[in-house]
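Pasting the structures here.
Look for chain A in each of the two complexes below; its partner is chain B in the first and chain C in the second.
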Partner chain A sequence: MERVKILGICCNWSPFACYNAAGMTGKKMPSNFRLIRVMCIGRINQALILKAFEFGADGVILLECKDEDCRYGPGPEVGHENVKRVRRILHLLGIKQERLVECTFGAHDKEELVRALWKFAGDIKAMGPVTITNGQRSEGLRR
Partner chain B sequence: MIVDMALYQCLECGKCTASCPRRLTGKEYSPRLLAHKVIVEREDEAFIENAVWECLTCGMCRERCPSGVDFNRFILEMRTLLAEKKGLKGYRAHDGALHSWMRMMSSPDLMQNRLDWVDDSIQVASSGDVAFFTGCAPYFDIFFAGIEVDTLTIVRDSIRLLNFLDIKPFLLPNERCCGHDLLWTGDTENFEALCRQNYRSFKDAGVREIIVSCPECFHILGEHMPRIIPGFDLKVTLLLDLLQRELHKGGMAFRPFSRKVTFQDPCRLVRMIDRSSLLRELLGLIPEMKLVEMENSGRGALCCGNCGFINCDAYSKQIQVARLKEARATGADLLITACPKCMIHMTCTIRDKLRHGKIKMEIRDLVSVLADQIELFGG
Partner chain C sequence: MAKTIIFLCRCFGEIGAAIDLDHLGERVKEDGAVVATSIVDSLCLPEDIKNVASLIRESGAEKVVIGGCSPFGRADFVISGLTREGIERENIGIVDLREACSWIHRDDPQGAVTKAWNLLAMETGALEHRKRSEDAVIKVRPEVMIIGAGPAGLAAARSLIRLGIRVHLIERGGSPGGMLNLISHVYPSGESAGEKIAPYVEEIEKNTLAVFYPKAKITSFKGFAGDFKVTLNANEKEHYIRVGAVIIASGARTLLPYGLYRYGNLKNVITQMELERQFIKGTVNTRSAVFIQCAGARNHDRPYCATICCPSSLKNAMRVMEELPGAKVFVLHRDIMTPGSVMESYYRKTLSQGVQFIRFEESTPPVVLGEDQVRGVEVYDAINGVTRKIDADLVVLSTPLVPNEENRKLADMLNLQLDRYGFFSEIYPLHPLETRIDGVFICGSARWPVSSDQAIVQGEGAAIKAASLLAGKEISALSLSRVPGVKTGHATVSKDSCTGCGNCVSVCTFEACRLQKIDGNYISRVNKMRCKACGNCVAVCPNGTMQLPEINYRATGEMIRRAFGDMQ
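After this line comes the complex of A and B, so read on.
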């Protein structure tokens, strides 16, 4: 079976602290997982999530702080709203909505984070690659 | 290319620049200078490249040009050329989300769920040789939920009109974007892929005629698709054209609509294909409705500020504000337009909090107004 690609978009604060701690303690992560670290999930808009799929991701997981923990205020709420809308667009495109998930973590939830990643990796593996094959490979020079 | 678009005919009179909505709002952009540079100063590549991506493609310069320079097509071909050589440029509004889903739609194995919005208020057929082209409306309504854009209503009302004319159109379950925005932003590769896939799905479904209500889709299906597809043999009909023909046959009239309205002409519908008199004819058929034209109207109408979701910036906003001020100055309380994109861009500006509702206005599509008012003659 073709290998699936998973992208994690990770808030710099609680979730990244968990990810860091998990790495420090040598927890094994899915090998087909790539992480993008952003200052806050509120920074992510619908376009960036859609682009991930356009550029070949088979699943996208947003790793967010808990609503009340956001360092900036509305970050996770913005995340929830974006996920809600992008999921509906994915549905229109015939992409299973389960390919986009969001999870919230406190600063000490490293076990939960690793478990969430493995579960997501398993789910996406079961779903297989997406039907999107014709997106753009890079923003700049095409040939 | 310079010869093809009649660029050598340029007299450098500057009417293009003087009428360019981008220039009028203060942007450092000049179609005249671009033409000049392309002809005699081709080494200034940086300037040319920049300018080519700045244009809104509204077609005002071509309209005003006394020498018949086809500036729109020049921009289109230059973008295609530059995109192939140097990659896609130009600032994509909304971080390119719209272009992103349009490109994704060109995947061959795509199975969309785009018809969930169909309800009992309209009658559609599950097959047939007359199809209606929905366009990106289901996508827009989700993406622009934040500004409460409702373009699916235009689609529903279009189908209601067709139902009224005893036509039950077939809706393609896997119709793709017409590719207008990809073409005009230089992504010819994916645009052509979309064209071919759409054509194949029409053919596979046995469609012979496509009815379109969106001016941009009509512009693409009617003008550019035949260019891409050899042996293109589908009939592409603009809904408003069809309606005009049917109305001439008689037996239908409109209920009175006692409001003072004004009209925003979409560039694709009045300058690229000349339907400005058709639009006015249809508007004139509704009794008691008073149409007050804006300062700039018909073929000289001001752009809605953006095209192809590229280059939306502070100047675009200024164009939109200027346009809405013109609309308000007519004293009308309803702005009618005929393009979903005009509606999206205008709605976005109207909601600007800093304007404190000073440019607030109700916006409706012409199709919706017609669908609400039409009735059988005497009935």
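After this line comes the complex of A and C, so read on.
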């Protein structure tokens, strides 16, 4: 069976602290998950999210700080906006919108982070790999 | 492709146990850029670094990828060791194979090896494009401005002048002391508030390093860590000062609970602060007093516990019983909050002295009885399930501390964040007492309601943080970003391709970007000292002129491209 591929893009502060703390306590996480760490989720623009799908990700999860916790200010709001817009583009591309999600975490929410990753991994596994290879096949329209 | 050498750390078996490193070492060699791989037992001993450095020199590699523990682990040690050995920071890549791979995929060795391989490939690819921000170094002004001369501010000032640092102490009112000027005694020591604050004031007044500005107001605030430029108006006189750090110790105010428990309508319904004033004047007169806790706190609008109202209520209850023999005191509470061994023993002492405690629920608050003055209080005792009527001639409301109204203005001027209630936010939980602006620290009740004891502790803590920032003669911009494992530098902009659209200026919440007119065209300029490398400006730059050299677009794109290799 072909395994699905999940890419996480994570802010360096609360979510990465959670991820690291979860790792230190040895919480099991899906092994098909790859993480890219940036300073702030506000640094990620729509092009980078789409690039992930272009390079073979079957699901992208943005791990963000809670809105009021962002130490830079607008980070999570930029993230919400990007997810909203990229989801519209995904729909046009024929990729299920649920393949892009965002989650917010406080600095101590390691259990929540692990749970969110497993849930997302399960959801993507149920959806299977992205089937489109060119404009002719479309999973969104078949649905 | 630049020649890359990969080191895999067994971490004394922690990584080696779950990941087959020999197999992994063979696999990463398939990458054309990788000239050598080496598996080592550890990387956290000084001789390991020497060994690694000599291996790098032998192999002739330009880039180094290290698969070891997480950036929060020993990454800083490895990086600083290697930079001392002459390897440039931007050529070192740290890959987390322990926390992010070995420890979390113990049950899936196959998946763990694939993931480790992908992670190493991602970092190898990213290193190819990683560049380094230019540093900027500024001279430090070894002076500190402290806003607020309450217990926190005074403690901070005293610590700083003892360290030989010049202090500008700014006070909105006329004299130092803050809220301690308004109360008679402090808990738990029981000393008078004046006695508590006097040694601080005395030492500061004697010392020529400290300048006190009464009736002061900040009119403008510019600059960055190490060199803030402040103008203030004190006693109708303009002052211009330049300081290296700022400590906010502006405190909080007590809530006036108009409308609660008939406060403001009925004589003898007073707040704890008014009771304190009566203690100072010596006009307390009661046969039977009822203290009502959580007046305006732990409710829908203010769901927080202000932490000081229970202890101060206990203190005043005992004081009433001492000063007026025969007087009764009832404390109506929702929970008694006395954290810590000292405060808990204080509570027990109060109990043993005969103060009566009655618990009520938020849904059934006590009712104050009487037409022209207080005659009693009716309360539903939540523990015994009966309604009790207490004869009383004085009702004292324990109100929480609430943020100062000026906080918003001060926060806007200093570019700080307030929390949802209006107190100053610190960088929770990684950098206590620090704010989002480097060089600006917070302490005392400006941060969160605290007792005078804790305010003093926090003031001293903030003073040490400020002093350590100003300890060197110079500050470099790169030293300000304190991210474990990654020095992300700051945004850089190319003069040639910037179109001056101003997007970066509008998203930057640190006021680091600004437009400058050069040869008739606007271009964006980044203040390296203020930039925190969040990259929000990078995301909105329409033509990719704005970049973070360490995690630029190409490096991130390469990481995404290599994230899945040939994962099956």
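Quick note on the criterion: the second predicted complex is superposed on the first by the 131 of 143 C-alpha atoms of A that agree within 3 Å, B and C clash if a C-alpha of one lies under 4 Å from a C-alpha of the other, contacts with A are read in each partner's own complex, and residues count from 1 in each chain.
By our rule, a residue touches a chain if its C-beta (ideal position, glycine included) is under 8 Å from a C-beta of that chain, and two chains touch if they have at least 3 such contacts.
Model, not experiment: these values are computed from the prediction.
Visitor: Considering only touches as defined above, state whether A:L50 meets chain B (first), chain C (second), both or neither.
Guide: A:L50: touches chain B, not chain C.
Visitor: Have a look at where A:I132 lands relative to chain B and chain C in the superposition and call it first, second, both or neither.
Guide: First partner only.
Visitor: First (chain B), second (chain C), both or neither: which does A:L7 touch?
Guide: Only chain C is touched by A:L7; chain B is not.
Visitor: Which holds for A:C40: it touches chain B only (first), chain C only (second), both, or neither?
Guide: After superposing on A, A:C40 lies in contact with chain C but is clear of chain B.
Visitor: Just chain B (first), just chain C (second), both, or neither: which does A:A22 touch?
Guide: After superposition on chain A, A:A22 lies in contact with chain C alone.
Visitor: Just to be sure I read the superposition right, which of the two partners does A:R88 touch: chain B = first, chain C = second, or both, or neither?
Guide: The first partner, chain B, only.
Visitor: Counting contacts the way the document defines them, which residues of chain A are shared by the two interfaces, the one with chain B and the one with chain C?
Guide: Common to the two interfaces on chain A: residues 45, 48, 51.
Visitor: What residues on chain C touch chain A, complex-wise?
Guide: Interface residues on chain C, with respect to chain A: 70-72, 96, 98-100, 103-108, 111-112, 114-115, 118-119, 122, 417, 419-420, 427-430, 436, 483, 486, 488, 507, 509-510, 532-536, 538-540, 548, 551, 553, 556-557, 559-561, 563-564, 567-568.
Visitor: Considering the complex alone, what residue numbers of chain A touch chain B?
Guide: 45-48, 50-51, 53-54, 85, 88-89, 91-94, 131-136, 139-143
Visitor: Mind listing the chain A positions that touch chain C in their complex?
Guide: Its residues touching chain C are 2-3, 5, 7, 12-13, 17, 19-20, 22-24, 26-29, 31-32, 34-40, 42-45, 48, 51-52, 55-57, 68-69, 71-75, 78, 107-108.
Visitor: Where on chain B does chain A make contact in their complex?
Guide: Residue list for chain B touching chain A: 83-84, 86-88, 94-97, 100-101, 103-114, 116, 138-139, 142-143, 145, 187, 189-190, 193.
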